[in-house]
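Structures are listed in the sections that come next.
Below, chain A partners chain B and then partners chain C, in two separate complexes.
Then we have the complex of A and B:
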């Protein structure tokens, strides 16, 4: 395959529709949350990612991607923006450390299976002195990191653009990279959700983790098997719904926030047909072939019902059926929090797929009240 | 008074001098007792316990990430103070002061150091969170400290965000414009937020462009002179002050929750 063909393949699969789907579908096979996934994880060799070989191959693939990008005239522009360098570091370091955590977890899991204590275990009486054992490590870490920062600072000048000009809006205007996940959510949700409600829920949800996770095992050592559901949920949110969206927002969003593959030219005039419709239009106009009712509440009734069912009826059904056991062990308060944060988190992929599948703009659309969902 | 023995190595004699002993009271930490004392007797080092289980000092366990987060915070404070010598937070001077920092100031990499360290800190704090999650260290009795950590992470992001505006170039004002535009959609409190219209007395809206949260954040209807001053004050004093309080709680709680987590 020629290089150009390879690049266009990468461009094509980078589109959020495809890359997000691949990640989501592949995810449970890499972080298997149930026995069934675990079986396939073992059988098809997905577990090899968490071995030394897997880690090295992963790092090499990332490097190959960046090398290819560096020598590509289009990707080079985004890649070498000084403020995008942290994203390169982010991709490397997140991959490496998540790999390291899982690698250590798998080692411990084997020990636990063999009836041994985890690697971290040591005799409570056998302690080491902080001076010198820890103080020196800290000292060395500190010096190495300081050297790294100084070298980085000498090599890469901090960016400074034209003086501020409120009259000239750059296209695209991007938030700092660590907020690009939120800016990417703006494609699917209005600012009151993507910019206010979701960030609040992320912060509260993170803080609630220790109270929602009642699994006592796996405290103080790396393990996957003893906490597989917890790790699966956290990592899905962290890697796919946060880090991945940041990468999309940084590398793949060009003028007018249109999608561009990494090797594509950022064409300001790229035209993307905007044919998104609201649920109310789909229902009243397309399905019933009537006009939109003038009463707002009637117009949006279907959307309200959908949201109500999602937030209030679905959990009750789950309590009665699939999550009966969960409800009993977790109790009402924990279960309600799990539902609030779980359904909140799932709302993002659900809305993404509704947009991609049927061009759905809003489920509830009341621009009159700035209330669009 | 004992006469110094000139045959002993210099370092050793220094360790026995009155000056040294007045600073580090246990002398050169050589015996087990002295080494423990070196930690306990120092206001900085006594954040640590004197002894730790073996796994807790291994880089492989903590990845050093919490310690590095703190180190980067200190680093940013120092480079930040140096930057404050030169930088004036006004629309007239901000941009040119930044240019001068690179062109006129000897060893002009302070701005680079500050900016890249800030980016690195966001990454390092995230990696610290991943480590704490992967070792299950948020489980009882450390639930509260995890929450303190989440607040510290939020503060780290806010510090980065407020600092982003200060160079007052196109990158800065537009990134902050995009970011703070969201505030206008805050439910009830933003003038384009759902429910804001409900907060009215008769015909008079309480929440409008000139009174909503975005206005409070920016000190105006758009990113301008007042915003620059507000972000400067928040960036240099307000948020670091809050962050320091939470860090003190964080470190205190690590010790009180039984030190670094480990298997039983």
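Then we have the complex of A and C:
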């Protein structure tokens, strides 16, 4: 396959509809949360990613991608932008640390299966002191990182632009890299949700994890098998719904916030059909071939019902069926918080797919009251 | 040592002073007086502080273009075109369609960025989250929940058009029907 063909294949795959789907579908096979996924994970050899060989191949693939990008005239522009350097670091460090954790966890899982203690197990008498053992390591790491930051700031000029002009927004206008996940969420949600409710829920949800996770195993040592569901849920939220959105925002979003493959030329006049409609318009105008009702609440009733069912009926059904055991072990308070944060997290991919599949803009759309869901 | 030990003045269960005796009462009243005075002083200081801060938000001199401005004569605007001359200074686009002239706000209704007018695509497109608006200001793509707002527009006696940004008209409230929101030509 020629290089140009390879590039166009990568461009096509990186369209979010495809790349996000691939990531989501492949995810449980790399972090298997159930026995069924575990079986395929073993059978098809996905587990090899978490071996030394797999880690090296992964790092080489990432490097090959960036080298290919560096010598491509389009990708080179986004890749060598000073703003985007942290994302290159992020992709490497993200992969390396996830790999390291999983590698150690798999080693421990094998040891535990064989009836041995985990690698991190220390004899209670063989103590390591915080001071000086740990603090010294932290101090040295701090100095090294300072050196790195100073060298970086000397070598790469800060990406400062001309004075801000409210009439001329840069195109595309990108948030700082750590906010690109939020900016990507804002494409699918109203600002009060993606800018206020979701960030609050993310922070509260992360704080609530120790209270919701009652699995006592894996305390002080790496393990996957003993906490696979927890790791799967967290990793999906962190890698796919946060880091991947940052990567999309950095490399795949071009002028007019359109999607561009990494090797694609940033054409300001790229035409993308995005004729978005609200659920109320789909229901009343397209389906029933009537005009929109003048009463706002009747107009948006279907959306309100959908949101109500999602937030309040679905958990009750889950308690009665699939998550019966979970509900019994977790108790009502813990289960309800789990549902609030879990459904909030799932709302993002659901809304993304609704937008991609049927161009849905808002489920409940009341611009009159600045209330859109 | 132990015989010199003093009993605390208000020990629990001590019956040396009966609860609610005169002495105790006066002290309590005095305490509340000082407490009230203290709180009043605190409230006055805080209130004054906030009054000054709020006053600070309204500057004596505003170095910004006037809210109402003349944009020229109606025949200076060609049909079905967007005039971007007033974008930088006044944050407004002047649009002329088949039958009217109107002034659109340049603030995106999603999160407040400034969209660009794309002539070839015949639409306004926001660079922040990809919202798109038709030449009329109606939102049709991206996350923008409502159309761009229109400013008050009218003819002066000298035949020029005056745009007044202090009054804006929202489509979702049916205000685009208002005679001041467009200029018949």
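Just so we're on the same page, the second predicted complex is superposed on the first by the 351 of 373 C-alpha atoms of A that agree within 3 Å, B and C clash if a C-alpha of one lies under 4 Å from a C-alpha of the other, contacts with A are read in each partner's own complex, and residues count from 1 in each chain.
Simple rule for what comes next: a residue touches a chain if its C-beta (ideal position, glycine included) is under 8 Å from a C-beta of that chain, and two chains touch if they have at least 3 such contacts.
All values derive from a computational prediction rather than experimental measurement.
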Superposed partners chain B and chain C on chain A - clash or fit: fit
Partner chain in contact with A:326 - chain B first, chain C second, else both or neither: neither
Partner chain in contact with A:189 - chain B first, chain C second, else both or neither: second
Partner chain in contact with A:207 - chain B first, chain C second, else both or neither: first
Chain B versus chain C as contact partner of A:80, first or second or both or neither: neither
More chain A residues in contact [chain B versus chain C]: B
Touched partner set for A:367, first chain B, second chain C, both or neither: second
First, second, both or neither for A:101, with chain B first and chain C second: first
First, second, both or neither for A:170, with chain B first and chain C second: both
Closest Cα approach, chain C to chain B, once both complexes are overlaid on chain A (Å): 5
Set of chain A residues, in rising order, touched by both chain B and chain C: 165-166, 168-170, 173, 183, 190-191, 195, 370
Residues of chain B defined as touching chain A within the complex: 29, 32, 35-36, 38-39, 45, 48-57, 59-61, 63-64, 67-68, 71-72, 75, 91, 95, 98-99, 102, 109, 111-113, 115-117, 119-120, 122-123, 126-127, 130-131, 133-140, 142-143, 146-147, 150-151, 154, 157, 160-161, 164, 167-175, 177-179, 181-187, 190, 192-197, 222-224, 261-264
Footprint of chain C on chain A - complex, ascending: 165-173, 183, 186-191, 195, 255-258, 268-269, 271, 274-276, 361-362, 365, 367-368, 370, 372
Residues of chain A touching chain B in the complex: 83, 85-86, 89-90, 93-94, 97-98, 100-102, 104-105, 117-122, 124, 126-135, 137-138, 141-142, 145-146, 149-150, 152-154, 156-166, 168-170, 173-176, 178-179, 182-183, 190-192, 194-197, 203, 206-207, 209-211, 213, 216-223, 227, 231, 234, 238, 369-371
Interfacial residue positions of chain C with respect to chain A in the complex: 87-89, 91, 106, 109-111, 113-116, 118, 120-121, 125-130, 132, 140-143, 145-146, 172-173
